[in-house]
């Protein structure tokens, strides 16, 4: 059942008032393909790369905190932890990002992790777009979640 | 040159004070892979699909309007037009989204189009995730932009 | 006693630190008078009406979530459920809206329900104002609330 | 024609890219019915009333500034002036509010004036609700607008 | 240890998922030096002063509520109480402000108190700057906090 | 004259509708006193310092962009440039911050520069407060502004 849709087919928020508060976590990932030119600019100036990834991380953390303001039917909730890490694969010309979010709520934090990843990657795009627009953000997906009615792990699909 | 990085390698906003105000536009696209189960649920209830895509469209438009609040080094600007359209490919189990943004500013609206697409697709994810988390957002990229120092078209790469 | 006013007559937020967390709900309603012209436009194009009310509903839900950002002395709180429904009375040329909000907090959600209704009706106004500005939003009031120090029901006044 | 609806009946933002920038203004009004008890509390403590109306005015001004964040299909725009004034009619137990907004834009500021009025009146409700919930916000409407394609005056209807 | 920095030296949010929820409070203060001219304008029009300080108080309360939106690594949290008071010292030409914040959370509210003070004082600056820009905001600091792992009192340093 | 106060002494926004659009700039500064312990932690881990100041800079830039959302009577405006720089004086145990903002508007950007500085310094406080709360933010003031009715330079007072 699509729980965001009521019986008449209209969009609705999910009523979580009778749910238990449990410890929950979610991990999401995604990546951005850049060009050799961007990777070279990053390679030749370590300070620059550091800053790009720090700004992207901060943007992702701040966006995760405002998920319920961005995704119409998400519940506002408290967040206990948000971590975002990056990994660069020079041969594949890709920057990989992973976000982990923890909370103690009546509902999960998948959307917070996915939103954090999306805005972090968009921030990398923004900071590099003076060099080229030949970039692509891809493979944004949930890796794992636990603590809710049903756990999820990408590996087990 | 990475214009968001100053000479010492620190992140900075780009000074656009001496730029001319011109009419600008940008088109971005992206897609979300869903499951047969979700496509069936959508197929069997036309009203539901209509609502999911309307909610996603509204979320994308509202997110495009707050791009400068999400992407740290984006300039706040006025927007003249934001359109978001969807197309479903049942055989490939994919929902394709395209966003077009217009403005009359000193700087472009690529990030507004890309942010609108990202949040629209995340909203589809959110509204379908009660069915499955086996979804993937992918291929978020700029299709075209014009009106700035240099135009861009994905086809011409 | 006006609890938002301290002993010297200055505006203040109410200290709820010693209040118990209880399950609370509030229902508010309101309506917008439109013209025959708008009702005809809605009647002749069912898809249009669906969308107007869906957009209004989403706007109302999103506004209810940011009530504490709009009403200066409201406490920020978690919300478990927000539902907004509409009913059209063609003979009276009126669209009636009702919002129900649930939470488990130290303070009630009346303002969330009232804010959701107000923004939902303003959104209808916005979407129809190209046709006419001869519209009026009226009768925004609390219908019922429970779970706090004292319950309220409009019928019992 | 409902300009917020495209030819297929889907919600859309209005493309204002080819519109001229003109000086525009809009005046909206509304009122809140309160009880004798509230009016007495206000009467017996002038400082209190002053503060309630100042807080309501500030809330209305701040909400007018974030109209495009609240009403999904409103364009973000610069505002040159926002004034909100109140008038109390003790015999009718009503607080009347009027908001005037000016800008120099491609689109009008009716929604800014109407949103400012709505949030100002909701703030009065919030600050008095410890006394009673027997209040009603009513008659929110546009009084006048000028500077756009067509002017409007409530009197001329 | 700087808990906002992980082992590799990158900025991170502090994981509070295993912390206990306790009652916490924090008091912060600060001041703004103004000119004799401003103090005279305030003195000659009591209503004006009242309003300036009311607007500043409301701005401070609203800013305290959005601390986690402003300070990148602050956790979003519920707030039970925010009080802001002012004291004018005519001989020193200074307006002193103090903010007290209470909550029941896994983390403290120092930043909420400090942010409330900062924005309250900036609002005074804004409201008086038509008279002069010869003002200075200074001595923003924590006075006291309790309820966390370690209490703090400025006097005991 | 206090232009934010109308003739009856009530707070009001300044009507800028008849003002000319001119190029404007403002520079503000401020500082935070920290402890030897914090300076040592920063000194012994250069990467850490880099990140603290990058996060503070990003926080300041993002806050400057939302000034009109924080300071009640500030006009929403477009910003062309925001730069924030830091300087550490080890002997005085102080981190000095300076913000420069440029725009082309009907009104100035002093508040944007001052708000950017305030939030940047509060972010440093937040990131170091696990070490000690013995910090003080001080001397937030306008250094220079030009482009409006009257220029200002701190040196010329």
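Here the chain labels run A, B, C, D, E and F in written order, and each chain numbers its own residues starting at 1.
In this section, a contact is a pair of C-beta atoms (placed from the backbone, for glycine too) under 8 Å apart; a residue touches a chain by one contact, two chains touch by 3 or more.
Please read all numbers here as calculations on a predicted model, not as lab measurements.
Q: What is the shortest path, in steps, from chain A to chain D when you may only step between chains that touch?
A: 2
Q: Is the number of contacting C-beta pairs greater for E-F or for A-F?
A: Result of the comparison of E-F and A-F: E-F.
Q: Match interface D-E to one of B-C, C-D or A-B, accepting only the pair for which over half of the contact pairs are the same residue numbers.
A: B-C
Q: From the C-alpha centre of chain B to that of chain D, how far is it in Å?
A: From the centre of chain B to the centre of chain D is 31 Å.
Q: Could you work out how far the Cα centre of chain C sits from that of chain F, in whole Å?
A: 37
Q: What are the residue numbers in chain B that touch two or more other chains?
A: Correct list: 10-11, 14, 47, 50-51, 54-55, 58-59, 62, 66, 72-73, 77-78.
Q: Based on which chains are in contact, what kind of graph results: line, ring, star, complete or other?
A: The chain contacts form none of line, ring, star or complete graph.
Q: Okay, what are all the chain pairs that touch?
A: So, checking each combination of chains, I get A-B, A-C, A-E, A-F, B-C, B-D, B-F, C-D, C-E, D-E, D-F, E-F as the touching pairs.
Q: Could you please specify the touching residues of chain E with respect to chain C in the complex?
A: Answer in residue numbers: 23, 54, 57-58, 61-62, 65-66, 77-83, 102-104.
Q: Flag every residue of chain C that touches chain D in the complex, lowest number first.
A: So the residues of chain C in touch with chain D come to 1-5, 8-11, 14, 30, 41, 45, 47-48, 50-52, 54-55, 58-59, 62-63, 66, 70-74, 110-111, 114-115, 118-119, 122-123, 125-131, 133-142, 145, 152, 157.
Q: What residues on chain B touch chain C, complex-wise?
A: So the residues of chain B in touch with chain C come to 47, 50-51, 54-55, 58-59, 62.
Q: Going by the contact rule set out above, which residues of chain E touch chain A in the complex?
A: Contact set of chain E toward chain A: 10-17, 19, 68-69, 72-73, 75-78, 105-106.
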